[in-house]
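Quick one: this structure, given as structure tokens, is what I'll be asking you about.
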Amino acid sequence: MDQLLGLAAENLISPIILSFALGVAASLARSDLSIPEAVAKGMSIYLLFAIGFKGGVSVADHGIDGRLGLALLAGITLSFVLPLIAFALLRVMTRIDTLDAAAVAAHYGSISIVTFVAATSVLESQGLAAEGYMVAVAAAMEAPAILSALWLVARGGDGARKMEPNLLREIMLNGSIVLLVGSFFIGWATGKEGLADIAPFIVSPFQGVLCLFLLDMGLVAGRGLREGGRIMRPGVLAFGVIMPLIGSVCGLGFGMALGLSTGGVALMMVLSASASYIAVPAAMRVALPEANPSLYLTLSLGVTFPFNLTLGIPLYLALAQTVNGG
Amino acid sequence: MQTHQAKRVEITIEAVMESRLTDALKKSGVTGYTVLPVLGGSGRSGAWSRAGQISRASGMVQVVCIIRPDRLDDLLEGAFAVVERHIGVVTVTDCVVLRAERF
Amino acid sequence: MQTHQAKRVEITIEAVMESRLTDALKKSGVTGYTVLPVLGGSGRSGAWSRAGQISRASGMVQVVCIIRPDRLDDLLEGAFAVVERHIGVVTVTDCVVLRAERF
Amino acid sequence: MQTHQAKRVEITIEAVMESRLTDALKKSGVTGYTVLPVLGGSGRSGAWSRAGQISRASGMVQVVCIIRPDRLDDLLEGAFAVVERHIGVVTVTDCVVLRAERF
Amino acid sequence: MDQLLGLAAENLISPIILSFALGVAASLARSDLSIPEAVAKGMSIYLLFAIGFKGGVSVADHGIDGRLGLALLAGITLSFVLPLIAFALLRVMTRIDTLDAAAVAAHYGSISIVTFVAATSVLESQGLAAEGYMVAVAAAMEAPAILSALWLVARGGDGARKMEPNLLREIMLNGSIVLLVGSFFIGWATGKEGLADIAPFIVSPFQGVLCLFLLDMGLVAGRGLREGGRIMRPGVLAFGVIMPLIGSVCGLGFGMALGLSTGGVALMMVLSASASYIAVPAAMRVALPEANPSLYLTLSLGVTFPFNLTLGIPLYLALAQTVNGG
Amino acid sequence: MDQLLGLAAENLISPIILSFALGVAASLARSDLSIPEAVAKGMSIYLLFAIGFKGGVSVADHGIDGRLGLALLAGITLSFVLPLIAFALLRVMTRIDTLDAAAVAAHYGSISIVTFVAATSVLESQGLAAEGYMVAVAAAMEAPAILSALWLVARGGDGARKMEPNLLREIMLNGSIVLLVGSFFIGWATGKEGLADIAPFIVSPFQGVLCLFLLDMGLVAGRGLREGGRIMRPGVLAFGVIMPLIGSVCGLGFGMALGLSTGGVALMMVLSASASYIAVPAAMRVALPEANPSLYLTLSLGVTFPFNLTLGIPLYLALAQTVNGG
């Protein structure tokens, strides 16, 4: 417990978290501080490329173990199942309607790659290794949740609603999945030598770029809270904190069952606990335009993301260490 | 100079719907369109701004389409099928164009 | 398709004045507006371009507002109070819109 | 409010031609213009998009010019000389403006 | 004197200054070289974050001394008073009217953070330390000058002119102040450990980013000179060189009185000598829209900024060394 | 031959080439992956600045040898002459008309700086030095080809077509030439000391930035192939591969005649073999707007660029080594 608190405290005063907090504070105070859209997108491309590449190099380095396939399967299963849990929870805890509940549920089945990245750097600072292929698992978990949500809506009687043509292809080939998987394979193919070439770009400055990126996420989250704050009823808010905990426990179970390393289990928990704020919102705008974007964006980016970033990650890590040893 | 009557249709729509809208426009027979970026806006679904957006989810674009007046109904029907369930605004203005053979 | 008469008001104004203008528009009762980026321009106060600007001081934006014709006077009065002392251009065009209930 | 008739000329043209067009506009006597960015579009010469462009070669811009109606012919002649051999679209809309002394 | 010339010469052929010169030359020659607005803004965010953070780390490192409060007070006082001097000087030296004179004066009371950054790297290359909290002083000096200018205008009889609502909040919470102060506190809170995490991002590449940023500033300054050159009458031009000298002497006095280190005195001189080109122009467009932006932007960015960058900084440093020792 | 294959294979699985391939694959698969225009432009500014600067430092370092002037002359001559060869070849091999043929020819006389940059990093990884002033030669080769193309069109009877006013100045002072030459002089003036200041920015992360930049080029090239694929008739395609080979042989001749180092000869070959995709397309849109941009862009960016990047560079290098020794 002491160790957990220590880790949480240490985590809280890292430049990364404080940059996020600065962003939230600046936008709540209505400062005009903002990061240009192109720069924010550029940084997210950098982070995806770097994290995918490093994952691939680590697989090249340690060899691929038979668990890769199982881990992918586990991720896909989690992504399909978590929205069902989330949906049920929302119907119990809140009064939001089927459509909104399904849309929110999709976000919680999918993942937030920035939460994953932040967890990776906490692991690194603790000297804990994790399976390199976890980035591939992350990519695999992005999309299935969307299908679950669409099924939940279709089942809800709105039978006329048919799958938008092209949507499936768009989801599977969305930019972040392609970049993450692509750079994973590049890292795998070029290995340590490839990494040596570009390490001064993708390794050394990584943490610093992450700070500025989180500053921007803080600005966006703060803006969301300022404008979407009213719809954050207590039940909804509580869901934003309880659901990641439930997700993390599911991730813990799957991670243990697979026999992942402690770092790997922690990352599986983080993936299950985190909620999408890029791929899923875009898909929802196409497929379920009547669902309220303020609701799912504010919940995912304004509540669950900060919760995971500050308290969730140290908690999941401590849990993984307790249960898995290490 | 020789000018010709035409209609200027401007559709403000979510960025995620852009390709669906332009596909519908092409199907309705338009010969071209232009897409303008949108920085932000406000409507019944609240205010938004492009600053710091990392997601395509909440951005909008404005698609401008110049057409011969007799094609207007086809276009509006095609566009409406896409816009119907989505947030967005459609306006039509009378205008004149040079080089009418292009439209 | 069923269309309705409306007015399209386009106001090109300095970026620093954007929020003041949109506040004034809201006060005058508009239900929405869209903000477009501007790359550059020229007028009595000289030419400018967005390239390399690090300051918000010299950029401009274009605010587009679609309204029911009977609201035009209110809007223009509200907007004019903001624009008056500032550089910028206001134009009003007749247009028709789909889904008039939105305006 | 007191408003005045004017013409709104919108010219969508390749970015490489921007300065040639605005020079021609100035020569034809306009007092100002505004340049809007264009994200992409489609026409007889195919579709294009600004994403990832590193070259100026394939981008477009939209030049908007508000003028007194009696200046329209001069402007169109000047603009046409530039646009003629190039891809691009020219539309003219009737509008009213505040502060007519500016145009 | 010899040393001064040596320092000036060395300063003049640094990559930083030459990049600025390249920008000016390119835009005077009407090259289409340009840096996208988003990239320029991204670099300025980087520079502000890095300089604030490093300032905070240095305070965490050396402990805070009682002079911080006094230094802030000194900076605020300078920012209030320098516009009055500038205004009087403009009325004597030039024929520009009250409104324009007040607007220009506001710029010279406030500061240019890039000039400050350039001075910091000259100090570093000379192995001279300075108080880390000087970045906080820089932040404190941004805004007060604007109030002085508005008072100068109000006094001038145009009594109907009342303070724009929200303007004060906007000025105090403008993006660059918030980022500078925020990252200062983050650096302070996370200290050397935090710095170690992100040094490969905010320390090593700093000088290089500064080069590209100054290239852009050169492009903008050159464009301003090309278009605003006509209004640069001899009296106005002379003001653009004399006012920073006067400012620097005021800074010298305050710096000495506070007992700052030689580096600190030099930075106080630089702050007083430099003229704003971001925060103040934006405020002037809101509050004094009738004042001519070509005048104040060309003067600040096209005359005073290059003067400080090339000759001013070595001069102020030499002065600080002569008077303060070190 | 074995060595050639080895080099080609090694080249093919480098992060740089694989990033390009990822871009092509993503856009052929119609993924929405894209890099914001501002970021792409920012990276190209970075690459030009870095490559120019390093070239200048290398000249400062090794002294300037009498061959600089001759090398520039050789480059200019090649840039004037290669379009004539390309034009003749196009008339023989394909059915495209005079105007399109002239426009395409201009591209092959001019150069692609990214191909040059990629070749430089292959040289470095092989431990081969090259004359630093080759970047100046690159800059000198950008423009003359445009004049040749215009002459080809004028000769073709379309006599009424007169040179656009300002076009010559625009071409000579286009952003990439000015930046390349400018940073070359800055590197030359500041030398090793200047480099030491900014090496962590322009040297260490260079390869990584190049990866992301090539990812973007792959995306753009793939988009071009998807849309312009239909017009790539066999004859045209073959031209896109044969012309660089011819160009490289011309470059080899000039390089040998000048007595350049093996690295220098290889770079001269690469410059002659590569085709412009920035400066020349822009000039063609102004001067020959009736020429079809899909044709020249797809050919230059979609065929010749990938050919040079993957097979061309190792081939030219092997040739230079065989013929020149080293």
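Residue numbering begins at 1 within each chain, and the chains themselves are lettered A, B, C, D, E and F in the order written.
By definition in this document, a residue touches a chain if its C-beta (ideal position, glycine included) is under 8 Å from a C-beta of that chain, and two chains touch if they have at least 3 such contacts.
Computed from a predicted model, the values in this text were never measured in an experiment.
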For chain A and chain C, chains touching each: B, E
Required steps from chain C to chain F (each step between touching chains, minimum): 2
Joint neighbours of chain E and chain A, given as chain labels: F
Farthest-lying chain, centroid of Cα atoms versus that of chain B: E
Chain D against chain C, contact positions shared by both copies (same if over half, else different): different
Label of the chain whose CA centroid is most distant from the centroid of chain C: F
Computed distance of Cα centres, chain F from chain B, in Å: 39
Averaged-CA centre spacing for the pair chain C and chain B, given as whole angstrom: 18
Per-residue multi-chain contacts in chain F, two or more chains: 32, 34-39, 41-42, 200, 204-205
Contacts with two or more other chains, residues of chain D listed in rising order: 36-37, 49, 56, 93-94
Pairwise touch network: line, ring, star, complete, or other: other
Every chain pair meeting the contact rule: A-B, A-E, A-F, B-C, B-D, C-D, C-E, D-F, E-F
Complex contact set, residues of chain D against chain B: 12, 36-44, 49, 60, 62, 73, 76-77, 80, 83, 89-94
Residues on chain A engaged by chain B in the complex (per definition of touch): 34-37, 40-41, 44, 164, 166, 216-217, 219-220, 223, 227-228, 277-278, 281-282, 284-286, 289-290, 292-294, 297
Chain E - residues contacting chain F, complex: 13-15, 18-19, 22, 25-26, 29-39, 42, 125, 200, 204-209, 211-212, 215
Touch list for chain F against partner chain E, complex: 36-39, 41-42, 45-46, 49, 53, 169-170, 173-175, 178-179, 182-183, 185-186, 189-190, 194, 197-198, 200-202, 204-205
Residues of chain B that touch chain A when the two form their complex: 14, 16-17, 20, 45-47, 49-58, 85-87
